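First the structure, in the form of structure tokens, and then the observations on it.
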Amino acid sequence: MSTTSIRKTPLLEVRDLTVTYAGGARAVRGVNLEVDAGRKLGIAGESGCGKSTLALALLRLLPAGTKVTGEILLNGEDVLAMKWGQVRAVRWAGASIVFQGAMHSLNAVHRIGDQIAEPIVLHRKTTQAAARKRAGELLEQVGLPAARADAYPHELSGGQRQRVMIAMALACDPGLIIADEPTTALDVMIQAQILRLIEQLVSEQDLGLIMISHDLAVLSDTCDRLAVMYAGRVVEQGPAAEVYERAHHPYSKALSGAFPRIGDPASRFAPRGLPGDPPDPSALPAGCTFHPRCTVALDSCTTQDPELRVAGPGREAACVLVGPDGVSAPQGAEEARSTS
Amino acid sequence: MTSTTTDLLSARDLRVSFPGRHGAGQARAVDGVDLDIRPGEIVALVGESGCGKTTLARSLLGLVPPTGGQVTFDGKPLDYGSRALKAYRKRVQLVLQDPSGSLNPRHTVYDAVAEGLRIHRYGGDEREAVTNALSRAGLRPPERFFLRYPHELSGGQRQRVVIAGALVLEPELIVADEPVASLDASVRGEILALLLRLRDELGLSALVVTHDLGLAWNIADRVAVMYLGRIVETGDVEQILTAPQHPYTQALLSVLPEAEGEPVVLTGEPPDPSKVPSGCRFHLRCQVLASGEAERAGVADACRTKDLPVLAGGGETQVACHWASAAAVARP
Amino acid sequence: MTTESMPASTPGAEVPAPEESGPEEAKSAGALARARKRRSVARFWREYRSHRGGLWGLAGLILIALIALCAPVLTGANAQSVTEAPGGALESPSAEFPLGTDQFGRSVLALLIWGARVSLTVGLLAAFLCVAIGTVVGIVAGHFRGWYSTVLMRVTDWFLVMPTLVLAIALATVMDRSLWTVIIAIGVTTWPTTARLVRAQTLAVESRPYIERARALGGGHGHIMLRHVLPNVMPLVLAQTTLVISSAILTEATLAFLGLGDPTITSWGGMLQDAREAGAVSAGDWWYLAPPGIAIALVALAFTLCGRAIETVLNPKLGVAR
Amino acid sequence: MTADSTPALVKQADAEGPAPAGSPAVRGPRARNTQAYLKYVAAKIFGAAVSLFAVLVTSFFLFRLIPSDPVKQMTGGRPVSAEQLDSLRRQLGLDQPMWQQFTSYVGDALTGDFGTSFQYHAPVVDKITEALPATLLLTGTAYVLYSALGIWLGTRTAWRNGSKSDRFNTALALTLYSVPSFWLGLLLIIVFAVGVGPIPGMFPTGGLESGNESGFAYVLDVAHHMVLPVITLVAVGYAQTLLVMRSSLLDEMGSDYLTTARAKGLRDDTVRRKHAVPNAMLPTFTLMFVNLGHVVAGQILVETVFSWPGLGGLFYQGLSVPDLPLVQALFFVFATAVILANTLADLLYPLLDPRVGR
Amino acid sequence: GVPLGAAPQQAQAADSGKTLTVAVAQSIDSLSPFLAQKLLSTSVSRLMYDFLTNYDPKDNHAVPGLATKWEPSADKLTWTYTIRSNSKWSDGEQATAEDAAWTFNKMMTDEAAAQANGSFVTNFKKVTAPSPTQLVIELKEPQATMAALDVPIVPKHVWEKVKDFSKFNNDKDFPVVGNGPFVLSDYKVDQYVKLKANKDFWRGKPKFDELVFKTYKDQDAAVAALRKGEVSFVAGSPALTPAQAASLKGDANIKVNEGPGRRFFALATNPGAQTKDGKKFGNGNEALLDQKVRQALFLSIDRKTIIDKVFQGHAVEGQGYIPPRFSEYAWQPSSGQSLAYDPAKAGKLLDQAGYALKDGKRVGKDGKALDLRILCHATDPNDKAIGKYLKEWWGKLGVGLKVECLDDVSVPWYAGEYDLAFDGWSVNPDPDFVLGIHTCAALPLKAKASAATDNFICDKKYDELYKKQLAEYDTTKRADLVGQMQSWLYDSGYMSVIAYPNAVEAYRTDQIKSITTMPEAAGNIYGQDGYWSWWSAVPADSDGASGDSDSGSSSTGIVIGIVVAVVVLAGGGFLLSRRRRTTADERE
């Protein structure tokens, strides 16, 4: 893989991806994403907005009966159009996943060394011994002694297990790593360790990274770009820090406001949140899916579902109140109507 | 401290240890804690995973018998007889981390809220009490929720139900063990706001257990930082979170995403309560000691060998650290 | 681990929209709760209905139960009389005796119908006994820590290591021949399985935070066992009951076949034993030999199907495709 | 993790891993930590020894409860005088007070002497060792076959949950499971041993051998005699394994680690074989060990129907007298087998599933 | 079933000669004649060892066995037996009076050796063998049964070495030394007993070379084995069922043999359990102490229906105590005496006895309804079946009946805790034992202790008769006395013999050409008093036999097995390969 080719085609390009579960839940609705090698994309959003679904769809790991449309171009090839044999070849070697909840993502009855070695043997066609040796190296790379390869998952702490997952994800030198909430349920200190590790590995190996989290603060700290999802849609996208600091979409705003900044007197004794309940993906509200919870919703929002629109340099947001200059449109309802 | 009468709940040198597993020594989960909570005060207890926060909270409620020390409520030492405990638990309520788990999937919201009333054989109008508690917890109109099952509610709603269940008995103190850890960031704020409002409206005291320093900043008056079974730093939230003195607190704050400066990532796993190191219990991971700064301050030896006293439970800012004490002495 | 969610949320199924409002609000809490119960039963039924096996099982059971209840009407009260037997010995099927006659000249069909009563009674009562003991022991052993729990579990283990049939045979031999003996022998030998299951489930339930919450609310042992553990083990117990019924029916047949049943009563196992004693096997009198066996198998199958369907409905995890 | 003797289809919940996080039940056992394992072994073995002793005591008293007079039963129908009965009773030791009988029974049993059979006049141990091979041969063979068949079909049906073959196999297994074994045995005898219509009677009607073969012909002869009883046992028995395997595999089906395995690019059958099945095996193993324990108890019914000279028949025979030393010892042996199988299972679990054990 | 055409069994066993295989239901308890109690075991003893006397197959009178002659002394207390000199043990030694004397002495002195046959020697004072051909038995009291000593005589030189008779089962060293018509050659527990013909048997060599008793615990399996030719003979246990007999009758090569049985099937009432010294115990219903009540009950039993329905004709209506098979002693009630089926009369008798009919129930003077219990053997289908009839008949009479079936009825029985019981004994050619069980001497010493008594009957007149018959060495006179005793029993109403079940058994005529029954005219084959049947059985011409040989069937089975295995493997392989292909195409 030459560097020039990477420049031309992005590592991963998702076009108009839609996922409908067998039950009729439209978990992902027309998502477009792009990740270049060496770049880090963060996907944020509340629980149930379709983040994991999106991640699984990338490697066609969704359960049978799920309808997936659109295009997923991994190194220019459409994963959705591949034969199963090709898909299997792409899995882990092309892109690997660090799953949410490492406890359950590791097989409890196999030693972690074997679990790391497994994809190496499969994709690199090495001997078992060589694969095990490599597994040991990978463990060291994520800061675990190689001797721990003999351990079973339950013998490790949560942070260690997550490291094992990361080591495993690196096993076949994939171009892209998808980390689905790699630090949820971890302690602050461990979380910091893991994030630092991921960052370091990604920058060392020039990998593409998609990091999924509901913690906007963490994502803005770690990633280059940030996509905020709501009800299966990307509602705002842009450079990470900007989106976090100055969100345009009311949802992103509420989300970023929910993270208190210590030392900021404004948030002292003033926790902020987002009233209302997340929508049910199998019965989405008409119009803008966020309008029932939106404090600045207009009448038109109940009927009209806005597309992503340019909202400043490198930024997009899906809200009628967002203007192309990147500034939020005026808050007043009359004015908003007049502009639209 | 000076006047114990003003304290609603206080712990003195509280110790809880569990029998060690696999031949390991005793796990000293709580290893000498003094903590006072005054009426109407919200105290945050923060610390890393496994440092004994939950155990402390549970022992305050008499759910685990302490192996040492004493819990005093309203001036009287806690009686562990089953009747006295029952009476105690009418006045002190527990809210757990996981609202989905805290609700019996087979009980309706009404049943869940009324449970406390039924246990304590509430004499008044049960329905009215439940209605009140629900609407106070922000579930309005309450009747709409009466017969829902937990799985029909969102996470935030569930936590509100749990809180309503605690409120219905009109307690004086709520012990909340990571009340928002399992909730989405967006919902989190709502629940915290609710706690604040209850404090304002009802004068409720609360002990909030968390590993999220932002939460403490959001709602607490006072914070206690716990490490390996001990409180290592305690005091006013503004003071502790903006000017931490204990290296451990400093490290915790430094790894927050929005923190300025280089994060101090402590290496290694959470410490093991069955192997409490001698000297300062933090010294093995202490960045100050590691960087040689403690050496320069001339306390390195003390850090390694000299035990630190148990911090008093009162309101003043205190820190259990040889280096910080030395610095404080040097500074004035 | 089973059954955490009685009112199972069904992805895809119609949202359990709590449309209670308006008139319902006016009703008393009790009425509301009843309405709610009714609705969850309805939901249970809706899901149960989607299990074809369970429906077949249920239909079969209802049919058999009806037949058993109506035995006197269907066959006349004298169907079991030997002195008034209408036919000759071991007649093959005819219009008058659709399943032929036994060695006394009684209609096999009529006996089969009467036998259903005994088999169902034994199955139900033995299962009830088994499940009642098992549930109590299981919950108590799971709830309490300390020596009594240990002792209880030791006793349970002790019963468990007894080969069930051997113990049942021994018990049936020890006691005198009656239906109760059979019921007790089955009940007493099969409860430990239930106890173990219930205990495991109790332990799982007890580790849930809501138990901690109930304790923090001041709930005592009784409150926790009755209000929290019991409702949560009930689905498991229900499923287990149906399964125990089917194995109790088989065990009853087995004991009767070994000549340990109550010979003065017509049961299916007893009929098989009678058929064998009468030499029906050698004589090739299939109409005498086959129906009781098929009846036993069908009832056992019906209960098993129902039990599995209930189990699946109550434990949605079992039902989901990957 | 102990036995479960009734054919409960509900899978043994306690074979599952420990309770969810946060509870005191969570433990991070180091099964490979030899010392901890040895401790675990010692505890299990001690537990087994206690159970064994309890069984020994029970075996004595249980059968004394039988309202029956062994001496009278033994001589039933023959001309015997009262003196003769007394003399017999004296010789059998039945005239001693109960506690004396009990202490000598326990004392002897601890030295491996279970006394002399009343009706066979031979040491009970000899009688049991005579009949044991036949039982082991029959039920052991059936055990291996139905376990293998059950696991195989259970895996298949669960993996293709809801498919036609799943529905068919499950329905068939459940149907056979509901059939009384003795009845099925009788039918098989009628159809395949006696012969019906065009079906010739191609298998022997019962017994273990024809009695006039030797060498390889003997082996074939025995195998020939085993066909029908083994088919009966397998048909009735495999459903249980199938259902347990099926439901525990279904439980595993949605698990994240399977998604991980698939994400690694493993083939579907590799995922099943290497990842899903080993995780789902534990409940099945429990059942298999329970069944293993019951192999020794034989199958009283099938042994009766097929005139198989095994322990089950011996027990049933002994019970009718009651031949106290014989039934006591047999009961003890049956229960011991279960205890041993369970203990073995307990000792193996930590090796099979690293999560188990303490 | 259509037996697969295959080589006949005999041909296959050509080198070892003709084999007669008998399907039996029992297992062997012991092969030591000192321990063996079960019918099969004693039958085998009969074949292995000669007894002093034997019974004539025609009419059961005593005929020479090991003894050629036997004579009592004038005082009736000394019997002298002349032992034949042409009987040899199978190891070549001569069988002598010394062997017999040793056998009896052993039983008299060693408790362990008296387990099985001790009752025969209780009245012996001394047994000696003055010469190899002379055996002298001195008695304590006269005993008429001296020509019916059913005791196997064992070779002293072999048995002398046995240390503990209570544990020696005689089943380790084959062939076992004996002098009967057959020599025990092999034994496998619960499977078979094999005997070889004794070429030197004094009465002549049996026609079959080998005799095998094969265990079939299930009678239907045995019948199936007969059908297939796996066995030549099926002994019912106790009889083939009517249905089995009927179905076997249709088979061309099978003969169903039916002969009068040696059992009687009776009802006994509890006459008030008591000890030898007259202490009453138990809880038998007082009403049954009234002869009228007892007779009323018996009058309302329709024996004919029982014979027709329960036994389906395979039994003879019961009358006297001794079955008609033993013609010497059998007795019949006179027409005036007979209690034939007469429910009307029964009702009248009950009325007379003070049990009036009220709402369909007989109520006594004390106002209590007449409800009775009957003890039934759970293992005996006839008990259970007849119980059903009794319940209904007596129900019509107004008497309630509860049928209590137990595996072992002896405990309540000996405790006297029953009202009625199903009773039945197998009768020997010499009736002494079955008569003795109704004497006062047979009553228990202590309450509830087991004893020889059948059902606590104790009557002076009967006892006198019993003593007389035992001392009466003249057969006809003795028979008369025995008849009187039976008459008394009949009138007492303590017992009612309902039926004499026939022995129903079957054999393959293509394997057994002829076989002696006992009684010779229409008798039974299995369990005879003697070795006549097996000794006399003549093999059918081997060509004519069409039995399905074992080797034939096993090779058929093997072929079929291989075919099945191949099909299964091929099918499995096909499925497997198909599955692989399909999974490859499916999502993963």
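Every chain is named by a letter (A, B, C, D and E) in the order it is written, and numbering of its residues begins at 1.
The definition used in the following text is that a residue touches a chain if its C-beta (ideal position, glycine included) is under 8 Å from a C-beta of that chain, and two chains touch if they have at least 3 such contacts.
In this text the structure is predicted, and so the values were computed from the model without any measurement.
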| item | value |
| --- | --- |
| Shared chain contacts [chain B and chain D, defined touch] | A, C |
| Most distant chain from chain A, judged by the mean position of its C-alpha atoms | E |
| D-E compared against B-C, more contacting pairs | D-E |
| Chain centre separation in whole Å, for chain C relative to chain A (CA means) | 50 |
| Inter-chain centre distance, chain C versus chain D - centres from mean C-alpha coordinates, in Å | 23 |
| Between chain A and chain B, centroid-to-centroid distance (C-alpha), Å | 32 |
| Multi-chain contact sites of chain A, meaning residues that touch two or more partners | 64, 87-88 |
| Residue numbers of chain D (touch at least two other chains) | 24, 28-30, 66-68, 186, 189-190, 196, 262, 266-267, 304, 319, 322 |
| Two or more partner chains touched - positions in chain B | none |
| Interfacial residue positions of chain A with respect to chain D in the complex | 56, 59, 61, 87-93, 96-97, 99-101, 103-110, 118-119, 122-123, 150, 152, 154-155, 168 |
| Touch list for chain B against partner chain C, complex | 58, 61, 63, 82, 85-90, 93-94, 96-98, 101-108, 110, 115-116, 119-120, 126-127, 143-149, 151-152, 162, 165, 169 |
| Residues of chain C defined as touching chain D within the complex | 1-2, 53, 154, 157-158, 160-166, 169-170, 173-174, 176, 189-190, 192-194, 196-197, 199-201, 203-204, 206-209, 236, 239-240, 243-244, 246-247, 250, 253-254, 257-258, 269, 272, 276, 281, 284, 286, 289-290, 292-293, 296-301, 304-305, 307-308, 311, 317-318, 320-322 |
| Touch list for chain C against partner chain B, complex | 4-7, 9, 16, 18, 20-21, 25, 29, 32-33, 35-36, 208-210, 212-220, 223, 227-228, 231-232 |
| Complex contacts: residues of chain D adjacent to chain E | 66-69, 71-75, 77-85, 87-88, 90-91, 116, 119-123, 127, 130-131, 186, 189-190, 193-196, 200-213, 217, 220-221, 223-224, 227, 262, 266-269, 271, 303-307, 309, 313-314, 317, 319-320, 322 |
